[in-house]
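Naming follows writing order (A, B, C, D, E and F), and every chain is counted from residue 1.
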């Protein structure tokens, strides 16, 4: 664990740090989160036994579009050329697990793009279900794995 | 708990529902989340004992700006005139609690604006600390309270 | 047919005209367009006989989101509070008909919002099918009907 | 003509496909459309015999700016570094032909950027003339030519 | 002259202040700035003796569009329904004077919208001329007049 | 001093010029401006003698975020991968000097990004102080230095 926040200079001022000296390499990141609601709401979302409705497609599309807005939303984040984004939604009992995978060929990693895809997909899920479950909770939004870059491969233990 | 998702029509198609018949009234919403990291990272963020640095100000500003992007991020969300946004950050041990309060005078509520403020503030915190704690986790992003509108006052039990 | 373009002043300069003296009233607009491709591509889009895929949902969501970007895309267009947006997609032989319906309670009409929803849905269809049909053509993008405002009801003859 | 939509995975889920393995090469695309109105409106737009007004300049600028918003508007489209954009407007009787040419040095083509420039220029024309011709119609929005990339040169037959 | 910055709370935290209790009234603001370059560059911009080129139209359109992005650019600024925007450009010797006038029917004023229109028009001028005059300078960007709201009419002395 | 505006073609039409033939090289630019207000307001901004408030942090963050919006605000500007942005704020008597430094590894320079960072930081300062000093003036917004690119190093004389 390091001793300083890289996004602040020696006087504590916010800055966008210089990545100009870093090579353009392939980098990937996976992030995940979980929307906890009720089993009934999950059934509505997956429209069990019916012609599948637009609910989960809307969430996937919003998450993918959200990944592209990352540097617009997070002030000190670098704009990056994104090579791919996928958003997977996995119903599990009273929850929907949201997992996003993003890759780039760039000078810095796409952890924030993957986390943003999860967060925006989660917000869109929230919006979709808030009328039937105002108490829904998005939880455990975290980085799962990343590859590429100076530090190489990182993976969450559990 | 209702039986349908209001954002889908009878055939399951996504739509932005019509709020034109609803009155313009004062509405407020409070949302909350918690970034779990380490006590050491929390100390870096609050810059204990030093002239306060920009870290938490950057997070607050990003959350406020994020609230204004809500209808741009969430496909079926209505654009709303926002009357106010505040984002509070409260260090608690190994965590930072993020709480956002948004109000409008409009035809629909600002739950999504409050949740978006929390999520974007959380992403900005994530960005700030990911180099020192790649395992940081945003958790318990949820609506806490809302007032105004047809359903009146709602508050989370716990 | 009038003799001047209202978006230009007497010297021919572009401006955003003043709608401040107009009342806030309910206004609606319907616009339509047609993507001409091949019957085979239309079958891929509607995924005949299979669990329905995300293709048309993606197009609907993009059209709805596009309507909300109207004043950002069209320089002299007023920002408006949008009450509702629906985007309908109707396969017809070798074509997909795109129809958007938008309403507002505002000082000016939502013709451009409905046309933008159709255009952005059309672009998203184009993107979806361009690898299999680079020659696809979006055609007949036009206003179908509008209601509300000083000029009252307007409807296309044919 | 191929048998699948590349923007969907094997389960029919929307995704942004991975272009990371493709080389960065020079790519160009030309798209075209036609706004059909009346000869009188076309004369207003070109301001025949008068010091030229801002109408067509506004349309060109909106089309160029629109090309840069492509990946923001179309959910599954990759963000690309755009090398150049031109938008040409050619009055022809009762119509204005809109032609956009876009180039990049990137991992995927700029067909969608050229089509978006045409569509946004067309919407801006629509906005400019809708008060004098509510029945104006944008038609034949299509790709005309593209070069670069794995498939090389493609050109519309007619 | 007051003693506090209204955009900060009692603890000095940034917030978007609450305008919900203020009435919706007609409000206008005028802002101005001056781009100082050379007389030769001013002649290029106004294209003296030639069919007028797109230079100043591009600047006007950018300024108008910029006004609509105000609350997106300035973190603590409220989103407002804009009733009108005009941007005037007046060549004066070695300078171009930029003046923007914005009106709204809203709960807070449009000073920032008028200043943003001037600033974005100025940046667009800068972009247009920087290859021929890298030393061009935008100066005296200031509010000229405002009307409406609790404080009523304000006008700059000189 | 050259004789033409590169952003216009031979007929005077606006275009985004082609940078595809230029090499990707490291380029930097520094821009500067000055907000003239009163010594009292400057003291409020720097919160002399108190725990530092969010005022200047908000301005820095807005300027950095603004740099990333450059090609969205200025119609003929190329989108660029930004390597770094810093915004420095220096109180000087009755003024605050705003200086922005931006770098890229790209096909064209970042002069406009540096100028946009200064302008958006200036607008945010204006917004922060307009209630206590409606007469505040942003002045001397100009390029200070640039390096990289075909023309090499340029620096303002004074």
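The rule we apply is simple: a residue touches a chain if its C-beta (ideal position, glycine included) is under 8 Å from a C-beta of that chain, and two chains touch if they have at least 3 such contacts.
Here the structure is a predicted model, which means the values were calculated and not measured.
**Q** Could you work out the angle of the rotation that brings the CA atoms of chain C onto the matching CA atoms of chain E, rounded to the nearest 5 degrees?
**A** Fitting chain C to chain E on C-alpha positions yields an angle of 120 degrees.
**Q** Between D-E and A-F, flag the pair that has more C-beta pairs in contact.
**A** A-F
**Q** Farthest chain from chain C, going by mean C-alpha coordinates, please.
**A** F
**Q** Measuring between mean CA coordinates, which chain is farthest from chain A?
**A** Farthest chain from chain A, going by C-alpha centroids: E.
**Q** I'd like the Å distance between the centres of chain B and chain E, where a centre is the mean of that chain's Cα atoms.
**A** Here the centre of chain E sits 31 Å away from the centre of chain B.
**Q** Need the CA-centroid distance for the pair chain A / chain E, whole Å please.
**A** 37
**Q** Where the centres are mean C-alpha positions, what is the separation of chain C from chain D, in Å?
**A** Chain C and chain D have C-alpha centres separated by 16 Å.
**Q** Counting only residues that touch at least two other chains, what does the list for chain C look like?
**A** 13-14, 51-52, 54, 57-58, 60-62, 65, 69, 72, 75-76, 81
**Q** Quick one: which chain pairs are touching?
**A** All chain pairs meeting the touch criterion are A-B, A-C, A-D, A-F, B-C, B-E, B-F, C-D, C-E, D-E, D-F, E-F.
**Q** Taking the touch rule as given, give the residues of chain A at its contact with chain D in the complex, in rising order.
**A** 26, 57, 60-61, 64-65, 67-69, 81-88, 103-105
**Q** Which chain B residues qualify as touching chain C in the complex?
**A** Residues in contact with chain C: 9, 13-20, 71-72, 75-76, 78-81, 106-107.
**Q** In their complex, what parts of chain A are in touch with chain B?
**A** Residues of chain A touching chain B: 1-8, 11-14, 33, 38, 40-41, 44-45, 47, 50-55, 57-58, 61-62, 65-66, 69, 72-77, 111-112, 115-116, 119-120, 122-124, 126-143, 146, 154, 156.
**Q** Within the complex, which stretch of chain E touches chain D?
**A** The touching residues are 51-52, 54, 57-58, 60-62, 65.
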